[in-house]
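Data block below; observations after.
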Amino acid sequence: MLELLLIIPAVTALICLLLKDRRQVEWASSIGSLALLALSTYTSYEVVTSGAKDEGMLYMDGLSAFMLMLVAIVSLATSLYSIGYMGRELDEGRFEASRFRYYYALLHGFIMTMVLVCLSDNLGIMWIAIEATTLASAFLVSFYNNENSLEAAWKYVIICSVGITLALLGTILLYASSIQQVGEAGGSLEWSSLLGMADQLDPTLLRISFILVLVGYGTKVGLAPMHTWLPDAHSQAPTPISALLSGVLLNCAMYAILRYHMISSAALGPGFSGGLLVLFGIFSMAIAAAFIILSRDFKRLLAYSSIEHMGVIALGFGIGGSLGIIGSLLQMINHALTKSALFFGAGQVYARVKTRTMEEIKGLSKTMPITSALWFAAFLAIVGCPPFGIFVSELVILMAGLQAGELLAVSIYLILLAIIFAAMLLHASRMIFGEPTKVVEKREGDIAVVMMLVVLLAGVLILGLYLPQGLNDMLEGIAHLFPGGGA
Amino acid sequence: MADYLLALVQTAVLLALAPLLTGIIRKLKAWMQSRRGPPIFQPYLDLAKLMRKGSVVSQDASWLTSLTPYVCLASMVVAALLVPAFVTESFGFLGDLIVLVYLFAMARFFMALAALDAGSTFGGMGSSREMLVSSLIEPAILLSFFTVALLTGTTSLVSVTSLLATSGASLIGPALLLAFAAFFIAILAENARIPIDNPSTHLELTMIHEAMLLEYSGKDLALMEYSSMVKLTLFITIAWSAFLPWGVATQVTAPDLALGVIIFLVKLLALALVIAIIESSMAKLRLFRLPNLLTGAFILAFLAVMSYFVL
Amino acid sequence: MAEINLNLINGLAAMVLLAAFILVATGRLRTMVRVFAWQSLALGLLAAAVAYSTGYWHIYVVAALTIVLKALIIPRIIDQIMDRIQVANDVEPSVRTPSSLLIAGGMAILAYYVAEPLIQSGETITAGALALSLAVVLIGLFIMISRKKAITQVIGLLVMENGLFMAALSLSYGMPLIVELGVFFDIMVAVLIMGVFVFRINRTFETLDTSFLRRLKD
Amino acid sequence: MIALGAIATTAALVTARKERLCIQLSFGISAVAAIMGLLTSISVFLEGDLTFEFIAFPFLGPFVIAIDPLAALFLASISIVGLAAAIYSLGYVPQFIGKYSIVKFCALFPIFLISMAMVVASSNVLLFLIFWELMSLSSYLLVAYEHKEEGAASAAWLYFVMAHLGTACIAACLLYLSYASGSLDFHQIALYAGQGMTELARSSAFLLALVGFGAKAGIVPLHVWLPQAHPTAPSNVSALMSGVMVKLAVYMLIRTAFQFLHVDILWWGLLTLFIGSLTALIGVLYAIAEKDVKRALAFSTVENVGVILIALGAAMVFYAQDMLQLAALALVACLLHVLFHSLFKSLLFLAAGSVVHATGTKDMERMGGLAKRMRYTSLLFFVGALSISAIPPFNGFVSEWLIFQSLLLSYTIQDVTVNLLMAIALGMLALTGALAAACFVRIFGSVFLARPRSEVAKQAKEANRGMLLAMSILAVLCLLTGVLSAQIIPFVDQASADIVGVSIGSQITDGWVLEVNGGEVSSVSPILLAALLGLMIPFAFLLVRSLGGRTTRAKGDTWDCGTPLSPRNEYTPTGHSQPILRIFNPLYRSKSSFTFDPSSSPYSKQKMGYSSSIPKLFEAYLYEPVARAILGVAKRASVIQAGSVQRYLAYIFAALVILLLVFR
């Protein structure tokens, strides 16, 4: 039954490839992602109620159901948005008409690989899926085919493949440790069985394998020293793709690290891997803070804010405890929704003002009042203002940090959050308020996008004020999955 | 009920004596500068003359100018109600030392505003300098009252006087004397006497208090002059009854009362003499040298507090 | 009989490391591709030897695949690319050869330092090869860092893959078959994509020198 | 109340198009909501606490909303000022119709009001933090409302960043307390927080709370945003902000210090006392030197916050010496001053708003002579000025008198150094009081009296009815609370008894008279004073009429000793404050410069210019260096993203090597 989840995006990709006419391709892609969302809601509902589903190669428990929902929601939003966006790009002749089909095919191929990451039980398969995401998205990043996007794509491919090779080495070491301990027959790469026999694994091997995995997949997540590809890729890729990239791809890579984190905390106790996650989390926030202050291009600004939020999520999981895990999971959803809203808004602003350097943009609230108001609300949400969810999830992580006694990390976390808050808000308020510099006639962004922004922001707003019971049980279920997280 | 009547009489005496006191000071000053000087009842005659005159008001002035004279007089009379002069009876429950300070502040507030109202430079200069002087001297006044509160445990003037009067010489220590000295400087500052301000001239450089009255004429001028005279008498009576009240009648019996009144008059004359001596021997300090004197008063009061605790 | 096998395996592993060192030393692209082919061949033979000594048939399949894919097909693809683009043959290393050799030596020592505790606990016959494979991985990474040309970065990545495969062999006689196949498939696709990109870069930048790729920065 | 607020916001959003209706609807409903708030607070005083529970985040447990007397007191002040501001906005907001979007203002105003009410009502840490930040967010958007003016957006930004820093400190402190006591609920924290923590932890928690709430209240080193944000905000918002929002920080500081940490360390009280007097002095000094009328009022808010902190510090010192009677007295004085300040400061801001609305400028130099043109506004401003300068019959006098009494009674503490510090605080408070009076003489004099100094001031016309009604409500309240303070104190005492544990209501009030320690220390009867003063004025008028006969009152021009008087040689605000500026120069470090017109003969100069500027000390020495440091670090860090792939790979390589070495 889980295979169906993989087949849908694959089939949609194929159909898009074959269809010639633009309208049909658009319809096919939206139906495909709609079906994906429906099926994933059904399966995750089943998982929450009747426990994990193990079907040979594929395995689905609370955490993967959660990730699947995330992937499905954001991909639906992206495919709907790209209809309008790519349509306008096509009319402006930014790329040849023939490559229109490739865009949608690659998009759904990319979605399929991400679904595979969430579902695969075998760590090897998961590695292959992540490698596939890199390859699929490499073409999408270089879709515009100009120098900058090519450079960004090249860097993206090279850095990520290096990272993933290191991760493969980590997987090999883990696999080897499972063989030595249990003998030839028991050796398996299914993380569920590995989790079972975690305490018998050889600690030194496990420690080195976690380091390699953390550095490897950390490159895909964009944690601090390995984040360098992220701002280039996000700013050069077409807007829907960068929304998908930062909304979901980073989370999938984080999901992979979490699997290893589960195994290593079961074997070595949460101290080791948790400490590393906290270290990388704080380091990424620091680097992101430095660059947010200086950045001049608003898409790069959003990319750095993704690095910062991934740092916060890593910090949350590193601190652990049921509060820490629930806080980071909440942070993941809120970040995915808000970041996609921000990118969609950015697309609208770019379409209107035709420049990405923030100094030249002024008085947006005059040129496009509603869209800029929503965009500003998204900015407020991403820096963590109360009615929106990120404020609550950051507070929950703060509580977890205090309970875990990580006073130093928490105080740095608070200071960095404040600096980022000040810097982001300064950029945003400069763009939104004041007299418009460019004489641009007052015309609203197209309605479809405005509606999408409203839906996304409404989601984050609800999560800020009230946590539905169903979602709450799901989160608590996941918290119990983590060995350390049972508290 | 009797003591309220007595308090009323006491206030009436105070109000009546006020112009006489100013007349005596002027006479003493003149006498010291070896000139005859106007008769001591001259202030009464001036007030009566002014009462009959009509008043001229500048067309730019607002409703505030006509309201201020009455507010000043009212606040001065209410303050008079609270101060025990020669008998330890007054409408004490109405307010204590701090309320007195605020009543004087009220009069000063209205006067300064009225000075600005006519729009002339003199008024503005007078009001800005008056506010400067008052804000520098207020800490000294309150700290001297603080010393009194330390000594007697209460700030209501009536109980302070009765306590100090009955306890005789035991409480007259350095604290009280220092506080009295600080308060004396405050008297000079608040009532625009020589070292701070020159009451007798209209030269814009030297007048602070007079500048504020410049715009007034006729009845309003009479009221303003009268209230500043009452203010001077009140300050002197407070000085005596709050710090060195021996000789104030504590029981309501005829001989005590008579003795109290006589001693009160003698005390008034003594301080008037001291003020007259200072006025004829010292010149007016430059405006920006005033802070040294006024901070000196504050230090005196602070020393008084220190000496109470330390000694 | 077992000793011969052991010596053969260790010898072949040493050959692979030697090839990595030569790669670091060469200045010309063509020879780099040649040396890479030799390295993959040695690796294939190593796999065959391990298969022979352990009797696991699936390693034979993997060994054959390595030889066919990495020793023959990929080098030809790279040669084709280089002919089509007429790229200058020199490698322009940013780090002079002697110092890069010293660094590669340092890498080997680090690899050994890291792998040392693992070797004791490893039961497989080829545990000793782990330190060597780690060294090859690190050297591959170093090649990517120190060489300017885009193609050298591809070759560096492939060398890292070889190191990985050798590590898998030495630790646990390779991964389950499906995973191995998947890994090979991924490498093939990666090389194809990089080839496409190399073409595009050459068309837009007229050179493969990645130092021109410096426009995106903060 | 909350439901009504929500309806107001939705109403505003729904009727976006038709501006007029949207204004009436949203402000009408928020006025009704304010009245409801007032009723709830009164009901709490009469019947007792009001609690209400609901589940928002299941994994965090139930959220509790509880209003105890202390919260009810603040809720009352929010509702009164909210009511007045809502009515005022009916007349004030239409002026924005052309320039800015009305729906934004009408939607945000009720949210701001409701979030303030909820801050007071919530008794759960997370709920409190959410509404606290929501309050800063909505006020940020309102302050940035008139973003066309230059500097508005940056002032709003500074305000929001400072508020956010404050929230970060508060979050750290409150969450640490909830961790120490094991639950998020205020009552649990109040019961258990004390035991679990060491002395160091308690002091650090207190310091965090002081800094966090201080940033919001505007104590000296953190006050920088207040004089920039309040003037840029529309007047009804700045009235709400400085009237009420600043006080909520005091509300939470009281709750944290007394209920959670059971303040039993002496130096906490002394520190608050010291900071309070410093804030008061610096606030008033800057207020006197200020030319912009709303900035002067903002600085005077800083000064009043300082006075409140002095009273609070005194209460803490008494509580630490466990002299509960005196602590209750000081706390009552502090709460009274909070309540009264919210009344007269919002009155002053609303009046200043109508002046700015009428003349279009905030610069006092170009005003003058508005008393005749805006008769009622000047009268109402006058009432506000009287109350803030603590002139007897009005409410400012009563609260300042009580603060003086509590400081005076400090001599009962045995420790001499504390007594001396209290004496110094008394001196500073007296100086600040007098300077405040001077400041408001200057403001009232230069804005309303004498002749108009500019064209703009000449055409000023009276504010419309809605604005006048709102202001007169506040003015009447100022007088009533002053005169009838004896009746109000029992309510305030209920709140302080809840905190300090001892009720002194009976001791303080006896019929119409306010007494301290049952009258044998001192007593004042505001009502009788007012009656006497009220009686005396007509009596004096009659006396004068009887003595001097009919008073003829002729209109002449001001005495100008010959030279024709033009409005230019009136005493301008700069002139008025110049002597004080010179005397306190070491504190100001003001730079003044004279410019001469070189062309004319050396003896008689045609044109002479004098300009004096007060450097912003705190920005220069505290905020700029911090900002420069952060920027410097950021620039150095930006070298990482230098573009070359090799360098990026080198970073990964380095990270890997370091980790392997460290964790082998």
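As written, the chains take the letters A, B, C and D, and residue 1 is the first residue of each chain.
In the analysis below, a contact is a pair of C-beta atoms (placed from the backbone, for glycine too) under 8 Å apart; a residue touches a chain by one contact, two chains touch by 3 or more.
Being a predicted model, the structure only gives us computed values, none of them experimental.
*Asks:* Chains touching chain C and chain D alike, please list them.
*Replies:* Joint contacts, listed by label: A.
*Asks:* Going chain by chain, each one touching the next, work out the least steps from chain A to chain B.
*Replies:* Graph distance in the chain contact network comes out at 2.
*Asks:* I'd like the Å distance between the centres of chain B and chain D, where a centre is the mean of that chain's Cα atoms.
*Replies:* 35
*Asks:* How many angstrom lie between the CA centroids of chain B and chain C, rounded to a whole number?
*Replies:* Spacing between the chain centres: roughly 101 Å.
*Asks:* When the C-alpha atoms of chain A and chain D are each averaged to a single point, how far apart are the two points in Å?
*Replies:* Each chain's C-alpha centroid was found; their separation is 44 Å.
*Asks:* Round to the nearest whole Å and give the separation of the Cα centres of chain A and chain C.
*Replies:* That pair's centroid distance is 32 Å.
*Asks:* Could you pull out the residues of chain C that touch at least 2 other chains?
*Replies:* Counting only residues that touch two or more other chains, chain C contributes 114, 117, 141, 144, 153, 210, 213, 215-216, 218.
*Asks:* At least two partner chains per residue is the criterion; list those residues in chain D.
*Replies:* Each of 638, 641, 645, 649, 652, 660, 664 in chain D touches at least two other chains.
*Asks:* Two-or-more-chain contact residues of chain A, please, as numbers and ranges.
*Replies:* Expected reply: 154-155, 158, 162, 166, 208, 231, 291, 294.
*Asks:* Report the complete set of touching chain pairs.
*Replies:* Here the touching chain pairs work out to A-C, A-D, B-D, C-D.
*Asks:* In the complex of these two chains, what residues of chain C are touching chain D?
*Replies:* Chain C residues touching chain D: 94, 110, 113-114, 117, 141-142, 144-146, 148, 153, 210-211, 213-218.
*Asks:* Please name which positions on chain D make contact with chain C in the complex.
*Replies:* Per the touch definition, chain D meets chain C at residues 638, 641-646, 649-650, 652-653, 657, 660-661, 664.
*Asks:* Which part of chain C faces chain A closely enough to touch in the complex?
*Replies:* 114, 117-118, 121-123, 137, 141, 144, 150, 153, 157, 160-161, 164, 167-168, 171-172, 175-176, 178-179, 182-183, 185-186, 189-190, 193-194, 197, 200-201, 204-205, 210, 213, 215-216, 218
*Asks:* Okay, in this complex, where on chain D does chain B touch?
*Replies:* Those residues of chain D that touch chain B are 368-369, 371-372, 378, 382, 386, 389-392, 397, 401, 404-405, 408, 411, 416, 419-420, 423-424, 426-428, 430-431, 433-435, 437-438, 441-442, 444-446, 448-451, 513, 519-525, 528-529, 532-533, 536-537, 540-541, 544, 547-549, 551-560, 565, 567, 569-571, 575-580, 582-583.
*Asks:* For a test of understanding, state which residues of chain D touch chain A in their complex under the given definition.
*Replies:* 56-60, 101, 104, 126, 129-134, 137, 144, 147-148, 152-154, 156-157, 160-161, 164-165, 168, 171-172, 175-176, 178-179, 630-631, 633-635, 637-638, 640-641, 645, 647-649, 651-652, 654-656, 659-660, 663-664
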